[in-house]
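Here subunit A shows up in two complexes: once beside subunit B, once beside subunit C.
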Partner chain A sequence: METLNAGNYAPLMVEAKGLVKVFRDFWRRPKVRAVDGIDFNVGSGEIVGLLGPNGSGKSTTIKMLLGLLFPSEGSVRVLGESPQRVTARQQIGYLPEVSELYLFLTPRETLDFYGRLFDLKPKTRRSRIEQLLEMVGLTHAADRQVGEFSMGMKRRVGLAQALVNDPQLLVLDEPTAGLDPPACRQVKDTMLAMVRRGKSIVLSSHLLADVESVCDRLVILYNGRIRAQGSVKELLTQSDRLSVTMPALPPEKMKSLLQTLRDHIGEEPQVEHPSLDLERFFLNVIEDAGDSQLTGAGHHEGIARYLDGTQ
Partner chain B sequence: MVALNQLITLTRLTAVEAIRQPIFLLVTNACIVLTAVMPMVLLHQFGEEGKLARDSGLAFHFLFGLFYASYAACSSLAREIGSGTASAVLSKPVSRSEFLVSKFLGLALVIVAFSTCACVSTLMSERVAERLAVTSNAAGYVIDWQTGWLLVCAPFAAMGVAGLLNYYGRRPFVSTAFLVLIVLLLFVFGVSGWFDRSGNFSSFDLQVQWRIIPASILVTLALVVLCAIALSLSARLGTVATLLCCFGIFVLGLLSDYWFGGTDGRSAISALLYTLIPNWQHFWRADALAAGGLIPWSYVGRAFVYAGTYSAAVLILGILSFRTVDIR
Partner chain C sequence: MIRRVFAVATLTLRGTIRSRALVGLAVLLLFLMIGLPLTVKGSGSPASDVHVLLYYTLGCAWVIIMVATLFISCAGISQDIEQERIRLVAVKPVRKSEIWLGKWFGMLTLNALLLVIVGLSIVGLLGWKSRSWDPETKTRLSQTVLVANRTVPPRPEDVSDELERMYQIELDRIKEQGRSTTAFQRKRIRGSIRHALLTAYAQVSPGSGKSWQIDIPQEAKGENPMALHINFSPLSGEIRSEHGSWSLSTERGTGVVFEDKIVAGMGNRIPLPDDLVRPGATLNIRFENAAGGTSVVFDPETAVELRVREHSFAWNLVCSLLVIFCQLALLSAFGLAAGTFFSYPVATFVATAIVFLSMTGHYFVVSEGSDVLSPVGVQPREQSVFHAVGETMVLGLERISGPALRLSSLAKLSNGLLVSLGSVFYAIVVVVGYSAVLTVISCIYLSRRELAA
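After this line comes the complex of A and B, so read on.
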């Protein structure tokens, strides 16, 4: 399998070579070959999407990047170090697949707990907690126990804890699972804002639209192997076809234009009105309804405050 | 310094999580109520009521504590791994050894808190037990009903207060009930000193057998050792397998003196097993308190060193095992 290069993105934040993970049973007999010889790199300031159906090895790969699982073969380096080393994890933020939180803590306590694990100074910790709570729209519920939250709210707490150390590398496992469309948009905006600040993101998802809209490059996994890889543009562009978007023309001008096109290309051109994608349309409707909190007006403000470098 | 701060943070979280588990409150309340009720049903034991109440209290402390220590230790790690919180924490700059040690320290703190309740209950239970009381015009055996009922009611009162705090102040019920229980027990312990056995107000006299405290500390040390064993085993085994192993080790340790402890013709294997298996008899010294006996503090000190060394050795094995475990 050809290695997916980080292109112009340097230095490498993640470097995986020949990664294999075999899960064994109690008697050490091989049970599942979850990841089967994958190679990929992630450069600085890019978003790489691990795409694949359930059971394709995305989460296993991610857990090897974090040092939670030990590769059966191959090697992985994160920020130039083995992920087993504690220092390598100092600059990583991780959002697990399901919101793995202490249910008896409040969001504020949760962020304080993780902030302490990163040994953040009390003043920095306090201000960052407030900024993150504002950013994920949970200021109003900051002192309620996480156990009382809906799945979407738990995901927001999960995202906030992943950002508490202002990481260089953000690892997101199914970040939009269980979120409503506005919250999905918020997560994607956050990712793009992080990348603008030079951070790198590894994103695992089986939601194709999410991956397509934010990722620079894709690694498509199936049965533990890489089946396709490359930049989103490379993979999705049909280089032998063209689409032109222009203002609508009067019928007689349109007829003349189509005739000219027909003469040149020798086939019937496809003409249709462009349409918004459903997510954009839905967000417009919500925005028109005036619910600024849902559409993320406060969220954008929060991102700005968190990402303005004053945290 | 960073590692120490992390250790304190994780230890605190483990302790808070442990005292918010309903089973902890259930075990503590059951231990206190049974310890309190025992002297009230022990009548006409030929002057041995105090001893029976004391032995029962220490036995409840040991049994409930063993159950809780082994269950909490193995479920704590298994729950963290199962719920995924372990992977969230270990994806941060936290080493696995630090994680396991903090689990142990957090649970040890909770065991000490449980043991404080059990010890105070045993002290009061011994006071409640029937004794000969002589007044100017009568003599007879009297039970200290007042102290007994105060002790029985303490867990229920604590739950009532916690319920109110939960309703009005949204305080977590289980941990609040436990904290209120500790305060109430100490309060009842102090208040009972102002009354004599017949329930009459008198000058302050706690009338307790302080020599129970060293015996109670020894039991607590046994619980801490079992907690270390259960935690280390749970690094590799599931909850049920860990509990079964703990039960086996408990039985072996209880009979260690009889099975492996003889000096005549003892095989090398017996000697090895005698050294490796924790000897619970070292921690059960209730008999030493009979007939006014005392447990020397030097003995408690030696037991502390033994328990500390044994727990450390077991934890090191647990850490070595946990370092290579896949956290799914």
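After this line comes the complex of A and C, so read on.
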């Protein structure tokens, strides 16, 4: 299973070759070519983001990775096997775009049900359920029916069920959709923590900031085809431009420095104060307000316990 | 595998129990169990009350549970697919067969729970009613209705020669009319002629008589009381009337003349004297129709029969509920299969239509078969292609699913007749066989079906 991937030898978690998906109408006539011959790999311990506007083929690609849709052409292998095989699915965690959960179950029952499908031993299942409930901040609502939950809370249950088997490969379809900023941060922290433990993540999103902040590599899709692919650094770095960050200078020194720069580059340099991104600023405000639960202080403990528990 | 099937079964059961549908169903059943015996009145006798309770109340409860089972099972897989909940299950290491079987076992558990409730309600209502019965009534009911009696029919009449002769005449007549017959129609003709012959033989005119021979079973024991059941009708005059005389004897010559009144138009139960009842003996029954009276007719199959107490009523109730459980299990499998192939509304429509046709197609076909026996001179209808195709479809459906869906034990239970272990075993075999076929077909289709759009 050792295959060349992004310049390194690493075990491949996902290997898609010439993947095509054509949706047909009732009479089997081709209707839409949702995915049109894409090739990409996901290596061990990396987060790969599938980026693209609505209808670009992200979700269809993910459904083929999971065996929910069958490729019209090409092949896909997950953990070296066809996703149709039960053994391949043993190591996959999946959070769909919309968490369609059984509304009559409580979060604890939901996790217990999915844990049973993974054949987890009762003791392991019980402890993992408590860790996951703590991690997603739902311990207080663990015995309420999911049908009573807000969309964000359902999303948290969805995330918890995706992690119940401590998967090697996590497939997240729009994981931050419907979540408030602290919860988005939690999801991203969870992803980064998972990757530090050698797990792989396929992330589909059209929220560019989310993808940029966590992904190692990007696959950009449009009209079912890959338009750009590579590491975030490779894709985003403008090698012919340079920015320098330094302490603010007194006006006289600044004027002299700018003049020197003008003489060397032949054009007017842009000067501005760096700013925090809005998400970081918002979280700082909440943290200052002292609401540790919202900002995820408890969440970080939860991640730690979950990760300890699954090691 | 068992753990995953169990997980899905628990989920199915939990989902149904927590849904409002089950609450509605439970209220409806409760209302029916209590309300129907109060509103539907029999002849007013305790036996009639018990019959109403066992046949109509239990029958209605069975129909309600049957319809609910069909609707809930149709939703089992189809709604999981439509509402996309199946996606989270299908990406787990679970086989499609495990999902399907889990859903089925969940439905079976639900059915078992409902039948236990119905069974306990029946027992409770009988207990409540029995408070007003005197000891004599209790004894009589325990021998007639609240019991599991095995029936021993008389030796069949030999009508084969006459049957063949009349059958050939009828076929020749149809041929002369330029009509053709299907194999099924020929079978129906033969059956009708046989029935007509037996009915003719069973007709006794004034001044003549008729005899029956019943072989008393070898295993009949002294502690199990036996009784003769006689049922016949007058051809004219007052329905409930006495006709002629009856006598009993064995091959050893011992005999008795009935002193009890044997009345036409109702079931007559004659307890047999102990000295006549010897295992392995042949019981001769003779009826002499009084001269100057009216002719009477005996049903060829049920006019005279021996009833031997085989088991208690509790046994019969349990066996009867087991047969109903088997039917419900089959309906669950059928509903789940329909839900695997179609969306919920379509699955419900298709399943209901097929079940209805399977259960009633027999009657359509019977009336169709009898059309061939139209009198000479009457212009027969031409059979169109549409007609032929329709008949073939209904016949096929009736043959495939009819035997499974027409398993019925309520008539026997409410008449104190034995619901045998054999019939329970047959029901189990039918359910296992048919369900296995439905499971395999559904699982193959489900594993080839894309579970996302």
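The rule is short, and it goes like this: the second predicted complex is superposed on the first by the 300 of 311 C-alpha atoms of A that agree within 3 Å, B and C clash if a C-alpha of one lies under 4 Å from a C-alpha of the other, contacts with A are read in each partner's own complex, and residues count from 1 in each chain.
Convention: a residue touches a chain if its C-beta (ideal position, glycine included) is under 8 Å from a C-beta of that chain, and two chains touch if they have at least 3 such contacts.
Remember, predicted model here, so these are calculated numbers, not experimental data.
Student: Subunit B versus subunit C on the shared subunit A, clash or fit?
Tutor: clash
Student: Applying the touch criterion given at the start, work out whether A:211 contacts subunit B, subunit C, both or neither, answering first, second, both or neither.
Tutor: The answer is neither, since A:211 touches no partner chain.
Student: With both complexes superposed on chain A, which partner does A:161 reach: first (subunit B), second (subunit C), both or neither?
Tutor: After superposing on A, A:161 lies in contact with both subunit B and subunit C.
Student: Quick one: is A:96 in contact with subunit B, with subunit C, with both, or with neither? Answer first, second, both or neither.
Tutor: Touch status of A:96: both partners.
Student: Tell me which partner A:86 touches in the superposition: subunit B (first), subunit C (second), both or neither.
Tutor: So A:86 meets both subunit B and subunit C here.
Student: Is A:47 touching anything from subunit B or subunit C once the two structures are fitted on A? First, second, both or neither.
Tutor: Neither: A:47 stays clear of subunit B and subunit C.
Student: Could you say whether A:68 touches subunit B, subunit C, both of them, or neither, answering first, second, both or neither?
Tutor: both
Student: Return first, second, both or neither, reflecting whether A:113 touches subunit B, subunit C, both chains, or no partner chain.
Tutor: Both partners, subunit B and subunit C.
Student: Report which listed segment of subunit C has C-alpha atoms clashing with subunit B; options: 256-264, 328-336 or 382-390.
Tutor: Stretch 328-336 of subunit C has C-alpha atoms clashing with subunit B.
Student: What residues on subunit A does subunit C touch that subunit B touches too?
Tutor: The overlap between the subunit B and subunit C interfaces on subunit A comprises residues 63, 66-70, 86-87, 89-90, 92, 94, 96, 98, 100-102, 104, 113-114, 116-119, 145, 161.
Student: Please output the residues of subunit B touching subunit A within their complex, sorted ascending.
Tutor: Residues 2, 5-6, 9-10, 13, 16-17, 20, 83-85, 87-95, 172, 324, 326-328 of subunit B touch subunit A in their complex.
Student: Quick one: in the complex, what on subunit C touches subunit A?
Tutor: Subunit C residues touching subunit A: 3-4, 6-7, 10-11, 14-15, 18-19, 83-85, 87-95, 450-452.
Student: In the complex formed with subunit B, which residues of subunit A make contact?
Tutor: These residues of subunit A touch subunit B: 23, 63, 66-70, 86-87, 89-90, 92, 94, 96-98, 100-102, 104, 113-114, 116-119, 145, 161, 165, 171.
Student: Subunit C touches which residues of subunit A in the complex?
Tutor: Within the complex, subunit A touches subunit C at residues 63, 66-70, 86-87, 89-90, 92, 94, 96, 98-102, 104-105, 109, 113-114, 116-119, 145, 158, 161.
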